[in-house]
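Shared between the two complexes below is subunit A, which has subunit B as its partner in the first and subunit C in the second.
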Partner chain A sequence: MAAAPAQIGFFVDATRCINCKTCEIACKDFNDAPVGRRIRKVRSFEGGEFPAVFAYNLSMSCNHCEQPACVEGCPAGAYSKRAADGIVVHDPEKCIGCRYCTWLCPYGAPQYDAREGRVRKCNLCAGEATPVCVAACPMRAIEVGPLAEIAARPGSTIALRDLPSPQLTGPSIRYRVRKEARA
Partner chain B sequence: MSTNEHDRALVDRRLFLKLSGAAGAGVAAGEILGRWPLAGAAAGSGVRVVAVACNHNCGGRCHLKAHIQDGVITRITTDDSPDTAGRPQLRACLKGRALRSRLRNPARLRYPMKRVGQRGEGKFQRISWDQATEFIAAKLKRVVEQHGPSSVYIQYATGDCGAISGHAAAQRLMNLMGGYLARYNSYSSACLSYVAPFVTGYRDTNSYQTLAHSKLIILNGFNPAETIFETNSNYYLARAREAGARVVVIDPRLTETAATFADEWLPLRPTTDAALFVAMAHVLITEKLCNREFLDKYTIGFDEAHMPAGVPAGNSFESYVLGRSDGVEKTPEWAAEITGIEAHAIRNLARAYGTLHPAQLLQGLGPQRHAHGEESVRAGIALACMTGNLGVLGGGWGGGEGGRRLEIPIGGLPTGTNPVKTRIPVFLWTDAIVRGTEMTAGDGVENGPLASNIKFIFNLGSNTLVNQHADVNRTVRILRDEGLVECIVVSDHFLTPSARFADILLPADNSLERADIGVPWSGERYIVFGNKVVEPPFECKHDYWWLSRVAERLGIGEAFTQGKTEEQWLEQIVGDARQRDPGFPSYEELRERGFYRQDPEEYVAFEKEIRDPAGHPFPTPSGKVEIFSRTLYQRNRADIPGVPHYLAAWEGPQDELSRRYPLQCIGPHYKRRTHSTWDEDAWMEEADPQQMWISPRDAAARGIANGDRVKAFNDRGALLTRARVTRRIRPGVVAIPQGAWYTPGKDGVCRRGCVNVLTSQQATPLAHGNAQHTILVEVKKV
Partner chain C sequence: MREWPLILFTLATQLACGLTLGATVFETKARPSDAVLMRPLAMAIFPVVAIGILLSMAHLGRPLMAWRALVNLGQSRLSLEVILTAVFALLALAYSGFWWMGRTEGRLALGAATGVAGIAAVVAGAALYTVPTQPAWNSGWVPASFLGTAVLLGGLAPAVLISWRENTGLLRIFLGASVAGSLLLLIAALWMMANLSRRAYDPFTAARLAGLLQLLTSRNSLWLGCYVVLVSVLPAAVAVRLWPEERVEITPFTGALLAAVVLGTAIGRAMMYWLGTGYEPF
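What follows is the complex of A and B.
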């Protein structure tokens, strides 16, 4: 699948992220997600040996990939990638709850809830002036914008030690992160 | 709460959502194909957006907005005023964003109740508000007649930080009835607040805007990423680092603050902060990096040439550091043995502090919640003076964070004057139950002796009664004895561990169910206003409401209320503020806007004393910073030295007891709670479950793997929790986040992981403060 001409993506400054999880809870509130469904999640990683230990955090929801495995693998046609901005949209009305997408996504973005029998995921807060996570972050560490611009920022990277190879799906997210975290 | 109980709570909550129709209000199916971004998209039609506030006890107070549709809060958002560098938005943290989860919790207390089983058993029977207020009025009258007003104790309470809080209303009531037993200190900053007046005359700190001017920032036990010392404290720290400041974090844990901001992490052994500081002083002295001019001008007691008259030679700080007074030179090698930090790292830090100017040493409050917490505060101030950083933009006083003198002039419910002048240090309230009349000035009692032991307790919006005080097992033994305290009145939202010990248990309203004002204790220049957006459920009431009815029954109703409802008091408080500050908005404007804010300012603590020492002497006996305090010296006690000393802690790493209990245990703040508030919340438990940090080395030695269920114990108690095996903590130390709700099984072992079953009621020597981070434990896999 070709990249959308104006692909939208996330820029997350992990050198600022304090793992406060405000983005995660603001997203939960907006989406009314029950416990167990974490549409945005902050993951924490550590490395080194005491006392030269380092740690860093990655806030992530759906990466609106350039080659989204969910779109390809969904048997119900619940996923689509918008031509204009590359946002990967999931329509819960079409979702049959088969959970293929939860196995295919390398980032754990689709979040199944057994009580609802469906998946939900980040649709980039469609309808909001600013995505909720962006407006919520007390550190101003999350931004959304054209991927081409984001990828060109100083320090911008996606090849990280603790993430799957970006070549799998072409995630539309870039991080600024401490050097130890780079792949 | 055990895991099982949590699961049950979740099931209940789901049912509640289903019944109330509150679920699914976020993204409706039709909305998902909307365009992004939509310029100027606002709340949909029929949605009202109303200012509310998060009023729990961290250093921030946050502005929030409730989106209300058809009488249901469908969303919570935060400050959306322009976000500028000079005036960053007041963005709430994860807890403020979870207010809907807290509001919907089906475990909410619903009706007034009276205890029917043994005290503490948690068995209650529903009664009416009339019955409850009649019981309280009659009991209060009898206790005051029989034992005097000082037998009534109003518990330290931070669950409700509004302007019209229950504990303030209870103080107002008691002041009309002859008074109550007063207290001083806090559980947060007892040592800092008590000892600062001996050194600098009062306690103050910079505003965080000043960090942008610092070349070096040393954070000792300061973890604003989790404690939120002010709504924007972390944001200012990030900006300072991006502007080029070097950041060094001293902490047994690689905290969230350290992980994000530290250029260097120094994992010191808990209780040894003062040893590190004293060794840094040694380096500054021997390598001639001291600012002697600053010391000579603004301080006394640093060296022998600047001691008060009549004090024998050898008592200066320099003499102590160089070992002239005790034969022990406080070298980095000496400190390395004690602190576990290598000597060269101590040297490098001291050299950096002595040469990079200006530099801020920011101490969190954790280091002073230790056995000799007074000493790290004093030693930090001494270092700030030695490097000429006190009262300087970009520098800092080094004593401890929080509580600066920079407040918008707004009051709260007037409490009146307490006719009882006797005060106890708050940490000794359990002693005042058991042996109050025998307590002396040696226990920190002021204007004693106590006329009576404590017989009646108001515990309103507080979990200090059981959960947050040290040594829970001793506390509950005392509280269970109905011959000691005769009546305990509790109000809260949930059946907390403290609420279980109520004789009368009252359901309180919360900050979305009434109007109230919040003032950040950080001193940042804003206040927040929260509107009432939903009706209190069931029979939940504001403490002021039922205390008014108690007052009526006691014949002092008119004096208590002056004919005002709580909202009328708020209007008066705002009116008074407008008298003092012409820029203060009207009540209506405040309701609409949700906050009042003055421009943030680069506030430098003690700036005027340094700029103009003649016009603004330090309010100490000498008018200078007293590195040596004659007042303390004259106590003539080894544990209250005249100059700051490192004193080895009881239950510290050098204590004999470490043979049986080899792990030091600290109880850090956890971002998912504000003390014990939010422990009940399922969203918070999902984000950050209760767990104990343990190093891979200590875990391996005990056969513990990440996620294992473990037992932590000492002679005072035991708890179960899960192990988080992490390299982010110093070997020899475990960390069990404070605030988990004490939930004993039949064997008395806490299932939820309340660290206070392990902590000690031994108070610090001078301040009589809580040393709740100073404990030794052992851990095993279960």
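What follows is the complex of A and C.
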């Protein structure tokens, strides 16, 4: 799958995130997601050995990958990657609820909603000027913009020791983390 | 275990594939007058695969939209599996029908074609799981396990569910097939352990695989042991017991043996889904 010329991506500044989960709640509210279905998730990671220990928080939803396994794997054609901005869009009306995408995504982005019998995921709040997670974050730790610009920022990285290899799907996300968290 | 429809679907498809291969081998080796021996099992092939397909619908959140699973046939491995299983089911319908009606003309060729379609469906089913984003599954042990189950059940079911009448050579072919299938499943289990022990390409995957191996060999070691005993040791013991027999009579005991082996394959399949699902960093 060819990379979109103006691929949009997330920039998550883990040095700012305080794990307040405001982004998660805003996303849940916007998407009317039921209890247990977390289209955006914040998680803490810890590492190191005493006395050199560290911790950091990451907020993540769909990473709108450059080679999205969900688009290729979905048997119902419910996923598509927009040519213009590279956003991976999921159409719930086409979803049959087979959950194969939940096995294929290395980041656990597609969330199965048993109430509706189908999967939901981040469509980057398609139609909204600013995604609600970005607008809601009180620490301004989440940004969205052209991936080329985000990737060129000082301190921007893609490979973290607590996440799957970015070589699997080419996630359109970059992080700013302390150096111990890098892969 | 929310994946029970998939456990039953995969086992049913593999059982039907094995029975098709068994019926085809039977037809090439048995005397025409003995055809009645295989008839009930050959007639069961289509119902088995049809029930498996119906059960797989229970896995879908929206079963009435199941037809959409064919939309992405060019790209999706799941679409390919669906179409190949449907072809297998259609051929199985004709093949079981031939046995039901006692029609022998063209039955051998139809059995061979159905067997090939069955193998294709089983392999396509295994290919769903061998994806890089699922490191616990992404190895040859999954297809080896699927094919091993087909060979084991396809060999063992006729061996213990048919009253063999001095047809020792054919009985030994089926017993040999069941032992071959059980050996393949044993190799697949060792392969799975080796896959979980391998050096992974990133720290996250390495930690995940090491955690699964630790759980498999501690908390779930009893299930692993049951699986190996039921699908490897038990079929071998049955083969040793029946190998010298000239006549085999169907008894509740032989039926219970087969049920125990099927239970073992279900335990193994449940462990496979446990290993893969839940793999996510968040």
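Just so we're on the same page, the second predicted complex is superposed on the first by the 181 of 183 C-alpha atoms of A that agree within 3 Å, B and C clash if a C-alpha of one lies under 4 Å from a C-alpha of the other, contacts with A are read in each partner's own complex, and residues count from 1 in each chain.
In this section, contacts are C-beta pairs under 8 Å (C-beta built on N, C-alpha and C of every residue); 3 or more make two chains touch, one makes a residue touch a chain.
All of these numbers come straight from a predicted model, not from anything done at the bench.
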Superposition on subunit A - do subunit B and subunit C clash or fit: fit
First, second, both or neither for A:V88, with subunit B first and subunit C second: neither
Partner with the higher number of touched subunit A residues, subunit C or subunit B: B
Where the C-alpha centre of subunit A sits as vertex, the angle toward subunit B and subunit C in the overlay (nearest 10 degrees): 120
First (subunit B), second (subunit C), both or neither touched by A:I142: neither
Partner chain in contact with A:I173 - subunit B first, subunit C second, else both or neither: neither
Touching partner for A:L163 - first (subunit B), second (subunit C), both, neither: second
Partner chain(s) touched by A:V134 [first = subunit B, second = subunit C, both, neither]: neither
First (subunit B), second (subunit C), both or neither touched by A:D32: first
Contacts of A:M60 with subunit B and subunit C, given as first, second, both or neither: second
Per-pair minimum CA distance [subunit C against subunit B, superposed on A] in Å: 12
Subunit A positions touched by subunit B in one structure and by subunit C in the second: 38
Subunit A to subunit C touching residues, read off their complex: 38, 41, 43, 60, 69, 71-77, 94-100, 103-108, 112-114, 116-119, 159, 161-165, 167-169, 183
For the subunit B and subunit A complex, residues of the former touching the latter: 10, 14, 23-27, 29, 31-42, 75-78, 80, 83, 88, 91-95, 97-98, 100-101, 225-226, 231-232, 234-235, 238, 254, 256-257, 259-260, 265-267, 671-672, 682-683, 685-688, 695, 697, 726-728, 730-731
Footprint of subunit B on subunit A - complex, ascending: 8, 15-22, 24-26, 28-36, 38, 46, 48-51, 53-57, 85, 87, 89-93, 115, 120, 123-132, 135-140
Residue ranges of subunit C in contact with subunit A within the complex: 59-63, 65-66, 68-72, 75-79, 82, 128, 131-134, 201-205, 276-277, 279-282
